[in-house]
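These are the structures in question, set out in turn.
Here come two complexes built around chain A, the first alongside chain B, the second alongside chain C.
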Partner chain A sequence: MTVTPRRYANAVVLSVAGRLDQDTCDDFRVELMKHVEQTARDGGAIVLDLEGLEYVSSAGLRCFMLASRQAKTQHGRIVVASLQSMVAEIFEISHFNLVFQVFPAVREALAATSADALAAFEKK
Partner chain B sequence: MQRFQAGFFDFYQRIFPLPRTTAPVIIVGIEENSLRELGQWPWPRTRMADLIRAIDAGKPLAIGLDVFFPEPDRFSPANVAAQLPVIASETVRFLATLPTNDAIFAEAISTAGAPVVLGISGEEDEDVRFANSPSSQPVRFIGTQDFPIKAYKGYIGSLATLSAAAKRHGLMNSGSPSAVVRRTPLIAKVGEGYFGSLGMETLRAGMDVPLTVRDGGGGLLEIDFGDARAVAQGDGSAWIRFGHHDDARFVTAYEAMVGKVTPDTFKDKVVLVGITGLGILDYKTTPLAEFLPGVEVHAQIVENIVNGVTLSRPRIMPRVEALTLITLGFLFIVFVPRARGAQYGLALVVGGVGTAFAAGLVLFQFFGLLYDPMLPSLGAGFVFGVVLVGSLATSERQRRQLREQAARLAGELDAARRIQMGLLPDPRETFAGERRADVAALLEPARTVGGDFYDCFMIGERQLFFVVADVSGKGLPAALFMASVKSQLKSAALRGGEVGAMLTRAQDEIEHENPEQLFVTAFAGLLDLQTGVLQYANAGHEPPYARRPSGAPERLPHPGGPPLCVVDDFAFPTSTYTLVPGEWLCVVTDGATEAMNPQREFFGVERLGTALGWIPEGAPPEELIRRLRDDVRKFADGAEAPDDLTLLALKWNGN
Partner chain C sequence: MRVRFWGTRGSIPVALTSVDIRDKLALALLEASGRRFDSYEEAHDFATSELDFSLTHTFGGHTPCVEIETGSEEYFVCDLGSGARPFGVHVLAKQARRPATVNVFMSHVHWDHIMGFPFFGPAYVPNTKIRIHGCHDVLEQAFRLQQAAPCFPVDFSQLAANIEFVKLEPDKPYVVAGLTVIPHLQLHSGDSYGFRFEHEGKSVVYSTDSEHKLENRAEAEGFAAFFKEADVVIFDAMYALAEAISVKADWGHSSNIVGVELCQMARAKHLVLFHHEPANDDATLESLLKEARRFEELTRSDHALKVSASYDGLEIEV
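Up next is the complex of A and B:
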């Protein structure tokens, strides 16, 4: 699993690729938490770009849940975008749209969270 | 220990024997051939006088005699007369008027162009024959009052006539006769005067310079005369840097006497006269493991001095060696147990000891200092051994502890597994005698204890409750959590109401007992056995397949909610589905859909549907489950199951 951050104004897009499961959960959370505080302070959000995410196990879902709870305590906001069909189905069955707001693409996700971020995204 | 150390210094000498680069000394050896030609030893002093004159004719720098003459010559004319009582008395009187041989020898000494140095041997006890101190050359001392310079009470030297003629004396002592010669007195006190070793005194007599002994620092004495310099230990003795025996140092007394030596052999040389005849002399063993005539030891001392070669062991050396021991020991104690492999530890030891040995060789060869790496290395080696044994014992103990721990843990996990499996009901017993429905279930645990479970029981006469659930996570926490969730679900179910409300109620209870923030997916159903109406609620679980007689398997629509304990206070909705008689339902966990083959492909929902479609019409739930389990196994093709596999099948037979 790899996590690649990109910054757009007050938002950070984290591209998650590979498989998220028990073994990779801790790395993912460490990387995520690096950006939560910053974006919360700037009034932005973190967009998890899951286009490259092949598979989420139940341990991976729990990892998402823990990340969401931890972000909430720091008043951070996390949304997800670009889910592949398999991950989308897992999200659908487990109703994780109740945990994260789900967007079809990164652009929509940024549009919904911060105008500055969208402007920065459009410019690039 | 001293002997051991000395042996090690011998080793240095053997590795770097001193090459003979200059020839300041010629030894005139009174050896086998000279004795054969000129008669047995001791020679009459007249012959000695001839020898002195013959050598002196070659214009040497000085002559040193590594021989002493304590008794009067019995071949002197008067003495010969005394031994022959039959000869005429005037002959006796005549003979008595002739000069003694000793007088002739003394004259040869005093009239020689080169100074002649006589040997004396320092003795621990006074010798009555030599009560007066021999005459010495002047020695000046600077700052040496605290040095324990060796003092001999007495000595054995030569007749007063000879001593008076020579005026100069040198020490013949060159160590004890039996031991290996390593150190020899370079300067010592005899009676009231100070004397250098014979070779050194002969050299100095030739140079005709005063000799100064001063504090050389480090507990060493520095001896200077002219431009020559030597270093001695505090007691006046010096370590000798030895070279190999060399015949080129020698001429025989016979050759010298009959003028057979090459011209200029003696010119400006220090000539030492010594006995080398095998029968009569003291042979010495050198550190090079060679026998050398004692006189050659003196010759080598002179060569050391002339070439400026010194060898000494400053007072600080034992402390340096102790420091080496401490350093090596510290290195071994600190780093050997931390070394990642035995080979690194060994490399450290070899490196440390090797460095000490190399330092010893460098100090010997280039600085003339005697440093002993052997004792510190042996000490540190001992430390290394102790550390090694200690760390072996420690690692053995740790291994044993780990083994015990692993065994204990495995035992506990096994126990947890057994308890977990024991919590699951056997549908055949639970529903024995129930004709309206058949239920079968299976839970195949993965290698690590997991968090799947199922449950099924009757609520009253009509309602059959069943649930299949999967706790996120593995191991003991998941297993314990599973037990808690199962009992909460059962108590929530027994309190009645809609299935969704049961899940909501259970979630409220479980949330209080969830420190690990685990969550649970669950599919719960409540089947009315009279009507076939199924109420169900889904908490983030894989929706089950239903299959009507002569129909294809279809997934139940999945409204519902997230897994239990994901969204607080979520109210789970209840859905309804009506079964027809003979219709069955199959609930699985992700142990089925996410079973993986060696190509890392998932079994998946579609394959699950297809597999269920192939199951023969009318197969009872038990067969259905067995077939499905076999299909999943065949797909996994030997790959280890990552998760528990739970299957539950229920068939409604109609009322």
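Up next is the complex of A and C:
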């Protein structure tokens, strides 16, 4: 499991690749929480780009939930984008699509969270 | 072994309303539009084979009460929720005036798990033996308390049966009338205990009112060992996963998805969703079952897991 950050103005896009399960969720959580604090300070959002995520277990989904809760307490926000079909189905089966905003692509996610971030994304 | 479900709902009993029944009838008629049935049997076959389970059945019903039949003269039952009332009727009918011996295994003493006992007919029959097994120190106190005035007109001390409380220790095997039982501590307010039953090479796990903290690998491995290769795992699947780990985190219950994951880890054969949320109607419970089955398909490796949802009246031959 790898996490690659890209910053666009006050938003951070975290590209998550591999499998997110009980074996990898601790490392993912540490990495994610670093960005939650940073983006909350900047008044921005985190977009989880899940194009490279092959599988997410309940433990991985719980990491998303805890990070989102943490972000909300700091007036931040986490959304997800570009889900592979299997991960998209797991989101629906677990009803995570009801508690997370899911976007078809990173561009749409940035457009919904920050005009500055979208402008920075379009420039690159 | 045979498992018979007398009560499958969590928290509080639920009954179908007139509106629910009318809704099921209307939807069934819509499904049957343009069809012609010349006999009751044809209509029955159509309902059985073509209509959704949630239209032709109800999940029920009563709060937890699950019987395990081993072929012994004695009875074995997990929890005495409101399902204990029809279970008691069954015992009395089967005994035909002969006194019964009933072995009860209590997951915990929250109200929904003991509320059927004041209505358990055999408790009023002289010479009936009722042995209530459990790991809680407060077991007897809870049973006496719910029948104390002013809550119930018959005090516990007035019951005619010979009632004995048997304290069990977690993770220690016991043999009760030929049935091996192993209790296991679970995460729930005031603690709860699951039970693994083994008889003639078959195993059934009863694990309700049990929350699973997903990041805790040791906890997951402990439950995988408890469920290991079980023929049937009766599992607290009260919520969808998102609900279980967000607004209802720390409420002491689990989800259909975690049930699939733990049973896959354990290489169990049959997961039975149990302790249904009282706010969920039959259609919602059927959706949760379909979602669990789809999740099992998506995540299956070399081991297929059968997934069912329990309902009052379900019987499983093990």
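What we mean here is this: the second predicted complex is superposed on the first by the 124 of 124 C-alpha atoms of A that agree within 3 Å, B and C clash if a C-alpha of one lies under 4 Å from a C-alpha of the other, contacts with A are read in each partner's own complex, and residues count from 1 in each chain.
Here, a contact is a pair of C-beta atoms (placed from the backbone, for glycine too) under 8 Å apart; a residue touches a chain by one contact, two chains touch by 3 or more.
Given the structure is predicted, the values throughout are model-derived calculations rather than measurements.
J.: Would chain B and chain C fit next to each other on chain A once aligned, or clash?
T.: Chain B and chain C clash in the superposed model.
J.: According to the stated criteria, A:Val99 is in contact with first (chain B), second (chain C), both, or neither; which is it?
T.: A:Val99 contacts both chain B and chain C.
J.: Compare chain B and chain C by how many residues of chain A each one touches, and report the one with more.
T.: Touching more of chain A: C.
J.: Just chain B (first), just chain C (second), both, or neither: which does A:Lys124 touch?
T.: Once the two structures are laid over each other on A, A:Lys124 reaches no partner at all.
J.: Give one of first, second, both or neither to describe whether A:Gln22 is in contact with chain B, with chain C, with both, or with none.
T.: Touch status of A:Gln22: both partners.
J.: Just checking: does A:Leu61 make contact with chain B only, chain C only, both, or neither of them? Give me first, second, both or neither.
T.: Both partners, chain B and chain C.
J.: Show me the chain A residues, by the header's touch rule, that chain B contacts in one structure and chain C contacts in the other.
T.: On chain A, the overlap between the chain B and chain C contacts is residues 22, 55, 57-59, 61-62, 65, 69, 89, 93-96, 98-99.
J.: Give every residue of chain B touching chain A within the complex, in rising order.
T.: Interface residues on the chain B side: 470, 472-474, 517-519, 521, 540-543, 558, 560-563, 566-567, 570, 590, 594, 602, 605.
J.: Quick check: in the complex, which residue numbers of chain A touch chain C?
T.: The contact residues of chain A facing chain C are 22, 25-26, 29, 55, 57-59, 61-63, 65, 69, 86, 89-90, 92-96, 98-99.
J.: What residues of chain C sit close enough to touch chain A in their complex?
T.: 214-215, 217, 220, 240-243, 245-246, 255, 257-258, 261, 291-292, 294-295, 298-299
J.: Given the complex with chain B, which residues does chain A contribute to the contact?
T.: My answer: residues 22, 55, 57-59, 61-62, 65-66, 69, 89, 93-96, 98-99.
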